[in-house]
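For reference, the structure discussed in these notes is given below.
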Amino acid sequence: MPRIGVFVCQCGNNIESTVDTRKVAEEMKDLPGVVFTCSYKFMCSSPGQEMLKEMIKKHDLDGVVVSACSPHMHEATFRKACEKAGLNPYRCEITNIREQCSWVHPDKTKKTGTLKSMDLTRMTIERLKRNRPLKTISMSVTRRALVIGGGIAGIQAALDMAEGGIEVILVEKEPSIGGNMARLSETFPTMDCSQCILTPKMVEAELNENIKLYTYSEVEKVDGYIGNFTVTIRKKARYVKEELCTGCGECWEKCPYKAESEFEMELKERKVIYTPFPQSVPNIPVIDAPDCVMIQKGKCGVCAKVCGPKAIDFEQKDEFIEEKIGAIVVATGYELMPNERFGEYGYGKIKDVISGLQFERLASSSGPTGGRIVRPSDGKEPETVVFIQCVGSRDEKKGVAYCSKVCCMYTAKHTMLYKHKVHHGQAYVFYMDIRSGGKRYEEFVRRAIEHDGAMYLRGRVSRVYEKDGKVIVQGADTLSGTQVEIEADMVVLATAMVPRGSAVELAQRLGIGYDKYGFYNEYHPKLRPVETVNAGIYLAGTCIGPMDIPDSVSMGSAAASKVLSLFAKEKLAREPIVAHVDTPVCNACWDCLTACPYKAIEKEGIRDREGNIVRWHAKVNEGVCQGCGVCVAACRSKCIDLAGYRDEEVFAAINAF
Amino acid sequence: MEDKKTEEGWEPKIMAFVCNWCTYAGADLAGTSRMHYSPNVRIVKLPCTGRIDPLFVIKAFENGADGVLVSGCHPGDCHYTSGNYHARRRWIVFKSLMDFVGIHPGRLHFSWVSASEAIKWVDLIDRITEEIKKLGPFMEYRGLKK
Amino acid sequence: MEKELRERARELLESGEVGVVIGYGWNRRKRRTTPVFIRKPEEAERLVFNPLCVNNLSVYLTRKYPDIQKLGRAAIVAKGCDIKNIVVLMAEGQLKRDDVYIIGVRCNGVVYRQELWQGELRPEIMPVKCHNCDVREPHVADTVVGEPVLFTPPEEPVGMVFDKIREIDAMSPEERWQFWMDHFSRCIKCYACRQVCSLCYCERCITEKNMPQWIETSAHPRGNLAWNLIRAMHLAGRCTFCGECERACPVNIPLNIINQKLVLVVKDAFEHRSGYDPDTHPPLIVYDTEDKEDFIK
Amino acid sequence: MKIPYYPGCTLNTVAKGFDLSARESARTLGFELAELEQWSCCGASFPLTPDNIIGLTSPAKVLIDAAKMDPVVTTLCSVCYNVLKRTAETLAEDTERQKVVEDFIEERYNPSIEVLHFVEILRDRIGFEKVKEKVKRPLGGIKAASYYGCMLLRPFKTMGIDRAEAPTVMEELLEALGLEPVEFPKKIECCGAHLAMTREDVVAKLSGDVIESATGCGAELVVTSCPLCQYNLEEAQSRAIEERRDWKTVPIVYFTQLLGYAMGQTEGVACFDKNRWDARELFKEKGVGSCQG
Amino acid sequence: MKIKIENRALKSEELKHLERITGEVPARCYQCGNCSAGCPLSYMMDYPPSQMIRLLQLGRIEEAKRAESVWLCVSCMQCYARCPKDVSAGTLFEGLRHLALREGKDYRKIKELDMPFLKGAPQQALVCGFRKFVS
């Protein structure tokens, strides 16, 4: 016979006012297996917990039911208290009689609440009777980390972890690390030059002995679980032997063919063998195979001829590298929503309508114009520039419903950069709201307006068209209630930040959640902002949602600190809420294997003495299993069960209903 | 017992199978927001709707439930990424089957309630309680016991 | 055709390609056919095929019959409808394609009641599945015997089962409940339906699971309902409508109706038809983010 | 191929050339525009508010009658096209309103009916390539502005004859006929529509802007698919000539007039003389439009 | 100018009626002004479309009904086509016209129309005009 203790909490008056806790305790006393019951003012208080421990010892309890607030509040508290009293923590179950009873059923006669509390407590008692002691699962840890994405968030995470003595693998799909931040000219609100603050970090990442860089590479496959992941990295063929190349630049000097530069966002051409930008890390070029005449047609080969160290290798193939790691930081960043979606703004058709990032390149001193702001169409200095905010963002019909967050600030910055470079120029900004929450942000916007004379117009733009070499902007100023028309020389669209096109595919490969746009879901948006539901995988930067550089950097650091604290332990402990297979009755139909969202189920063969497999059955990998129970419901022969939520326990609860 | 239907003060018994992450938390929020709803529902917490076996529902009816509610995270919001999609598939078939054998559709409810949808939870419970009250006790099923 | 069949069986046994041929033979009075397990080449003469060969022999390929599995690789005489079950077994990892040699037989329909069989096949004496059969020409087989069959199934399925489903769909919940309780209350829990079904191959049936005892074992209406509901759920998306369960039922519960209803539901909701493709997962263990959910409020 | 054809009120009277040239062109291209046996006015404006059910009955009746021939109906006038297509969508989506309309008309509505603009038929069923093959009088060198107006395009979700903000279907057709399409900013702006009845001044401004925008981009001819646009543009031009000396006059024609003419129809069919500015003069001036074979 | 905002006006029956007959919810509008920016008649209107919606948001439906804007809108749907919130100002205008016309207040009397127009204009202009301006 079990020896169960039932503790009914009054929660001051929170429960007591509508539930007669004494009566609940009294009624439970008669249930078989219950040896002690009581009602207490505050179970979660220190005296309450002390009393719990005392009673466990005094009555030699082998199970405890606490009828109190939601298990989401204090399950951990009470389980810990039980553990201290020598009881297996999983032999403590909580009944929620506050959030789901006393607070929602305001019957002052206490009849309703008492009745329901008794039902619920009885169900928990019956469930507890079937409950088994569980042991925390302990796992080894590979103390190496993988960072996916070499933008500022990823670089920061990698540096912080490397500083903490962890070996880090940094994977970047472009030929150089740096990400979108490398494209920016100056940064708000301090107006530091982006490259000036980023480049040292990039170099640091390259030189740090704890960081292994894989540029021009992508994560192909991820297996395993927290502490023990195996990743396969595809190292795309560079056609340049990295170990030989000195980065002298002779090859791209001499290469006779050109293609559009991705980094310069179609504002400039680059050579077919190239580094994305002069400060690239590593400073090793790649050959753009589809455009290379040598690779496509077997003619040319100039780069190979001029290469001193003979680093060019036209025969190079993609390479696959397997790495064992213990944690992953995902920092894949963002891209801009394609402006072509907005036909009324004429992007792509009118040359002088450009995106915000293109403007950054124009303003950047290392950009295609050397920092001169000119019209892409004729190279003339624009005397009137119209900036349109919220292009695609806050537009649930044609774009995305969310606010892209950084555009207000960078548009203000753009107007300043423009004014600083074209003194006689006039900037106009069409905005809906100015969102400048942040340290020194509002002051910055005001400076753009008051000091640098940007004309802010509150309203959207309906149409942009070309007329006599000018770009006509037809919008509204809702503050004056009128239609406005501006003859501009150039129009800059502050386009919405969206997740990378490949974001969803990667999320599925990693088993992490994502929202309808493809931004990755945090474990908890407020309290666990850099963790994901898949333990051991962390997030940083704009792959979570639009954010600016300071936020990205702090998230990179936050993710790094999460990994460091994970790696601080010798062994990992985790909740034992995992599935188990009753192997003799397994049909080996593999339904569970197909249904499992985590690929936590494997096939296992039983061998006879000769080593021939005579029978197959399913096996749960405890490290990977997250305890959702999809397999349990899928299993027809009921040979899988989920610890903590076993069929028997649920059945007992239903039966006590 | 048998003619409870006509008895004054009969209250339906409703069993709710909910997932830990969304609906359970949504119901908690209704509590912390001090909203009020019908007291007829008894919640059984499970990690995920994907864990909910059709047998649970059958068992609940066998144990005298007048109605059953199954609820979890909205599609795309599953804590386990896809548990609710699996659940939805099962329900599509199970619901058709239960309809086909004559379990009144008013007795078996499915819903998505997120952790923030306390209002939806309250409305849902009130609505189904009302509906089941109209249907009366599930004597047909209970009658099978003999 | 039988000659061809026997010839093939003999060859297979002689060459040692298979250890046993599972097929049909006459019973002693030659009025019914019965499963036969041919192990010697000379016994191949016992094999027959005619419209009385109703059994779905695929059940002998399952783990329910370890004795047969011990006989070595099996060849099986299978009609198109039987092959569907073999396909499901393959989809569920119970069989590999190489584990079995399928001797597909072209079939013009079967007759359940031998007294109606007068040597001529007429639609009136065939079960519903034959009227709508689209696999009279076996769709997965290592060899096919018999004369080519020219038959196009009707676009919309016809037959009593479908009429009855429509009729029940039109009933009120109370009437439906009454209809099924009348039938289920007769159930004697003999599990013949389970025994004859090749997709009920569980090592341990849910009814045999105690701790907890999900399904009450004694034959009373409540447990009967639970059993029949769960049986239907477990077959949903897998059942090929071979009709063996209803044929085996000693108390004539119209299991075909409930099974076919779920076949229709699955086809409608997931566009899945079981028994055609061994590489497709059964629909209830996969999902589509766009699955309908009009009933989820 | 026979396609049920709904001419609409205006094509039967004021815009006869629009109608005749289309029918004749269809014949040349190997199909027939089969006029509905009986038809009524479409209402000339789609009832925007969902409670205005009576406004749906008239177009619904047209759709019901058309569906009796074939569940597809084609029309030329942009307004008719807009009203019929939006009615079809509304009734297909909203079974409740469909029921009310059915009860009113006392006939069953067939929700599978498809409403196509004549130019859609040319593009999707015939192909502009084939149109090009049939051209006998290439109108080479003439710069033509395709004026879409509102009704062919908006609301985009329903209409969708082409890309909402940057349609090119008319230009493609004109190109096939040998004209040189001119891109101009106001090609999807409003002409003023029925304000012709109340505010001629406004119409004159809006339509005048459209023409100016077109001629400013070099257009020598404005092409439309809507009799009301055509009327408003001509009215505006008449006014403008009186008021402004520098006004550059252009013929305003229907696309089918050009289509038929280019494919070698006799000149009478297109009724160029019914337009206030006869496009043939322009052809003559440019030395194009002589029959080749 | 100063207006007094009243709770009652925000939830007035007439406003609800307008929402019901149009199926539009003015509260969805976040006043970005795109409709006013694109409206071809905006320049003539006493209240451009976004301000008309603002009047409705503020519960000032009487003022909205009296606005000349109502009779200038030609339902070209430019406003709706570019509205990021899927609000159709054009439909609200139509609703306001209905409210006025259903009270029997014709905007234009048929007999006021001049002969040359009646003879020369396309039928559709007349039909459409009658629908929009005459009860």
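To keep things simple, chains are lettered A, B, C, D and E as they appear, and every chain counts its residues starting from 1.
One rule holds in what follows: contacts are C-beta pairs under 8 Å (C-beta built on N, C-alpha and C of every residue); 3 or more make two chains touch, one makes a residue touch a chain.
Model, not experiment: these values are computed from the prediction.
Listed by label, the chains touching chain A and chain C alike are B. Think of each touching pair as a link: the shortest run of links from chain B to chain D has 2 of them. Among the remaining chains, those touching chain A as well as chain D are E. Taking the mean of each chain's C-alpha atoms as its centre, the chain lying closest to the overall protein C-alpha centroid is A. Averaging C-alpha coordinates per chain and comparing to chain D, the farthest chain turns out to be C. The chain pair A-E and the chain pair B-C differ in C-beta contact count, and the higher one is B-C. Averaged Cα coordinates give chain B a centre that lies 35 Å from the centre of chain C. Put simply, the C-alpha centre of chain A and that of chain B have 33 angstrom between them.
Inter-chain centre distance (chain D to chain E, centres taken as mean C-alpha positions): 27 Å.
The distance from the centre of chain B to the centre of chain E, each centre being the mean of the chain's C-alpha atoms, comes to 47 Å.
For chain E, residues touching at least two other chains, in rising order: 78. In chain C, 206, 214, 284-286 are the positions where the chain touches two or more neighbouring chains simultaneously. Under the contact definition stated at the top, the residues of chain A that touch 2 or more other chains are 344, 463, 595, 634, 647, 651.
Applying the touch criterion to all chain pairs gives A-B, A-C, A-D, A-E, B-C, D-E.
Touching chain E in their complex are the following residues of chain D: 8-10, 13-15, 41, 43-52, 55, 77, 79-80, 150, 153-156, 164, 189-190, 192-199, 202, 206, 227-228, 230-231. Within the complex, the chain A residues that touch chain D are 342-344, 349, 463, 465-468, 472.
Chain B makes touch with chain A in their complex at residues 13, 15, 24-25, 27-32, 34-37, 39, 42-48, 50-54, 56, 59-60, 63-65, 76-83, 86-87, 90, 122. Residues 30-39, 42-43, 47-48, 50-51, 78, 82-86 of chain E are the ones that touch chain A when the two sit in their complex. Of all residues in chain D, those touching chain A in their complex are 163-166, 185, 216.
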